[in-house]
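Chain lettering (A, B, C and D) follows the sequence in which the chains are written, and residue indices restart at 1 in each chain.
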Amino acid sequence: LEKLHWDTALSYTTEDGIYIRGYDLNELVGSVPFPSVLYLLYTGTLPQPYQARLIEAVMVASIDHGAGTPSVLAARTAASGGAGLGPAAAAGLLTLGKYHGAAVQGAMEAIYRVADLAAPGTSQLADAAAQVVKEWRNAGKRISGFGHRQHKDRDPRLDRLMAIAREEGVHGQYLNAANELESALHRTLNRPLPINIDGGMAAILLEIDFPIGLSNALFMVSRMTGILAHAYEEIDQMTPMRRIDPLDHGYCGPEPRSIHKHDEGMDHD
Amino acid sequence: LEKLHWDTALSYTTEDGIYIRGYDLNELVGSVPFPSVLYLLYTGTLPQPYQARLIEAVMVASIDHGAGTPSVLAARTAASGGAGLGPAAAAGLLTLGKYHGAAVQGAMEAIYRVADLAAPGTSQLADAAAQVVKEWRNAGKRISGFGHRQHKDRDPRLDRLMAIAREEGVHGQYLNAANELESALHRTLNRPLPINIDGGMAAILLEIDFPIGLSNALFMVSRMTGILAHAYEEIDQMTPMRRIDPLDHGYCGPEPRSIHKHDEGMDHD
Amino acid sequence: LEKLHWDTALSYTTEDGIYIRGYDLNELVGSVPFPSVLYLLYTGTLPQPYQARLIEAVMVASIDHGAGTPSVLAARTAASGGAGLGPAAAAGLLTLGKYHGAAVQGAMEAIYRVADLAAPGTSQLADAAAQVVKEWRNAGKRISGFGHRQHKDRDPRLDRLMAIAREEGVHGQYLNAANELESALHRTLNRPLPINIDGGMAAILLEIDFPIGLSNALFMVSRMTGILAHAYEEIDQMTPMRRIDPLDHGYCGPEPRSIHKHDEGMDHD
Amino acid sequence: LEKLHWDTALSYTTEDGIYIRGYDLNELVGSVPFPSVLYLLYTGTLPQPYQARLIEAVMVASIDHGAGTPSVLAARTAASGGAGLGPAAAAGLLTLGKYHGAAVQGAMEAIYRVADLAAPGTSQLADAAAQVVKEWRNAGKRISGFGHRQHKDRDPRLDRLMAIAREEGVHGQYLNAANELESALHRTLNRPLPINIDGGMAAILLEIDFPIGLSNALFMVSRMTGILAHAYEEIDQMTPMRRIDPLDHGYCGPEPRSIHKHDEGMDHD
């Protein structure tokens, strides 16, 4: 028989424990936030505090987008046919395809290319952005991360993420490159195509040294949380084999409330 | 056409934002930890601080278990055939079945039954545990959460989780019920079958009022993080169509290290 | 390293060929119908001619059920999010759960139990059917294969399958047991609950010695054909991210036509 | 609410029946072979007899390839973790990616391009083949369908399929184009890269007017048959959570046998 030995750089187990990128998992448990351990697994390094706060913010911002997204509808449809929780969630995960959830990675590629073309510390970002717009158009591709179909004007999550980035002192080349891309697109298309939540997340993930190829993974982990909540509600509360209308649905949960009211159990800030 | 209106209690979107169980997602972003937002989605309530710390600890403890688990092997095998990141992870997710990952839920059911049978505040837990062992045996089921195939003696994660529970002042009926189950199993089987990591997580999740039906969802979100890391490494680093040995694999990542050393970037405690 | 050798009874490959249950696949190609090779793989034996005709009839009868089934809607939804053909079809496959597609297996279990309880060649089937109705009701289960939500009166496929069974001289204990179950259900519920297409397929599959545990597999192979056609149409023809209405859809394909008209290319009978 | 009406060209149901591309499914049941109904669903037309025989031959030739393929290993691994039959098969289906099962479609694209470049009825195929080899190399792609990793010399299924094509009088431009591609590859690479089973199937599928975009669908339906057989054997016969060696496995099924021996039940030819 052929020899098949292979190695992973991610993790291993012993009789005594589980080791993640060299750290004993037990040291991480109770000490390091979950999104920071994700960052460790995906990059090989524990995040700096500003990176830890931003990765957590991006994960929270991606956790759910209501009951009408294709991934939730697919998961609910599978559950409605009798799929268990995991298989229903898998149907939802498979729906996170190139049109649904992959925009952050596309935007990271374009923003990274702009920053990469411009010599660091120079004012060449505008020229680089114009060139990238041209390159993408010549290849017949649109630059994702700019414009949004539902939140017409400006996704409110974008302002929040940018405010957190400022609080953490993050204002580097990738955020600048994203702004230059927005301007270059405006000039080329002769109409504004403002940066959207995907473009904003893309710039922030680049600022915190998150690998482009794993941005979809980050999104999938986060959004699986919401998909699983919807799949479980479908299994637990809804009639099997019902026809699931993708538009005609409402909300019957708790009233609007705020974490800043003192009647909430957790003191968050 | 039939009317198909339906309602969800989880979340909704407006032109202005996304609302999770009544909270504006923007308020949560940057303020509330990711595992606490998961807790909110799954229970309808933001966790108390002790609940927030324990849910995060359980999620970190579940994030990965090395390259030899069935879910990782299935994800790597799919990636090796040419599946993209999401489909490969879906193959891994589908592998988290009744023998792999579902033990926490099984243990929660047994522990909950013990606590439910005993009148609160009484010393009837031992009798209840004996009865539950009998009920499960009569139904031809084993009680999951006790014993472990790899970590023969005592899974080190268990001690860590229990220490955190003590730090947070958690020592309620479910932890007691789990101990009584361990004793009842020992008496019945005439050999020790010590509580394992699944049983420990089960007791802790019950202590923090986490719904039994969603414990697998919690595990899936956490473990998807690891599965996606392995799927990406397979796609990015490995030869397509290789034969993946389930045992003959090693580790080529960073050397053993500690978060307590001062050369690490993050000051965690 | 542990020894892991294992054996399969299904198939193997050599430098010279592929062997299915002992037959050189090359001998089967061009000589044996596809459904008969499926039968060989699933039972270990090539079918007799009457078994071959009936397995093929059941597979054709299951190939598609229009655009409004949950499995097709899930596959189209996944495709609409950007999933490729295989992942979209996988989302559809996962939707074939206990409420959608599994009724044949449930019916086989009940019919088999009736035939098994009655001594062969006796007139005890009626008593056995009454007992099985009682057993299922005591266990809180409904007997699947009787009644249908869409085809109110009688699914026309049922008459066709039964006619083919008669043509092939099949009128054994399982068809009789199914009829007795129908009568017993009528008496117990005091209203007719006529055998439906799932119940009819169940009886026929038992008559041709098809294993109960693989009836869902047979259905999945057949229905995957339709699911893949729908997924491909969605990918090839439809707008990405469209909202897919589960009821408000029509048909824009070829006009009604018949295989018996002479303008068709194939001379089938 | 937005209007969402949409149309499919594939099929529809009425109170009376199911219609596939305009044909009453009941007419097809018992009269038309399963692979011919697949052809109808995928192309809109019932096949001519030669097309019907060749589509069936291709489907039988693809039904299984032993226990060591990535798709079977993934399905068995998922089953081993506790996945049910459908979810385990879905894990296998997801493994049929670009390196595993997609070669036929790639070969069809190249062969079609050769035939398309050459004026019909001329002897320009050799030039066209040389050009296509150059185009593919310039684009950094290899032409699939030529060479095979396991069956070093010549896959025996290829000869069988070609013999059936000859029996059916099929010897058109696509088979010629495939031969010319083989010659052009030999000249360019200076070593023989003989057409393999994928290339042969590709040429045959083009000869019978099968749509390129649905060749993977054809393969998936066929191979799902084998994947489901393996998943069921794993669920039914094997120990849960076993480590599945991808190489060290054997065969414990029926002895070698032939359909031409008179002890077999079915008279096939």
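In this text, contacts are C-beta pairs under 8 Å (C-beta built on N, C-alpha and C of every residue); 3 or more make two chains touch, one makes a residue touch a chain.
Everything numeric here is computed off the predicted structure, so don't read it as measured data.
In terms of the distance between Cα centroids, chain B is separated most widely from D.
Interface comparison, B-C versus B-D: the pair with the greater number of contacting C-beta pairs is B-D. We define each chain's centre as the mean of its Cα atoms; on that basis chain B and chain C are separated by 37 Å. Spacing of chain C relative to chain D, judged by their CA centroids, is 22 angstrom. Averaged Cα coordinates give chain B a centre that lies 41 Å from the centre of chain D. Of all residues in chain B, those that touch two or more other chains are 2, 4, 68, 83-84, 86-87, 90, 94, 96-97, 243-248.
Residues 2-13, 15-38, 41-42, 44-49, 52-53, 56-57, 59-61, 63-68, 85-87, 89-90, 93-94, 96-97, 150-152, 156-157, 159-161, 163-164, 167, 213-214, 216-217, 220-222, 224-226, 228-230, 232-233, 236, 238, 242-245, 248-260, 264-269 of chain A are the ones that touch chain B when the two sit in their complex.
Partner chain B is touched in their complex by these residues of chain D: 68, 70-71, 73-74, 77-84, 87-88, 90-91, 94-102, 149, 240-241, 243-247. On chain C, the positions that touch chain B within their shared complex are 1-2, 4, 83-84, 86-87, 90, 94, 246-248.
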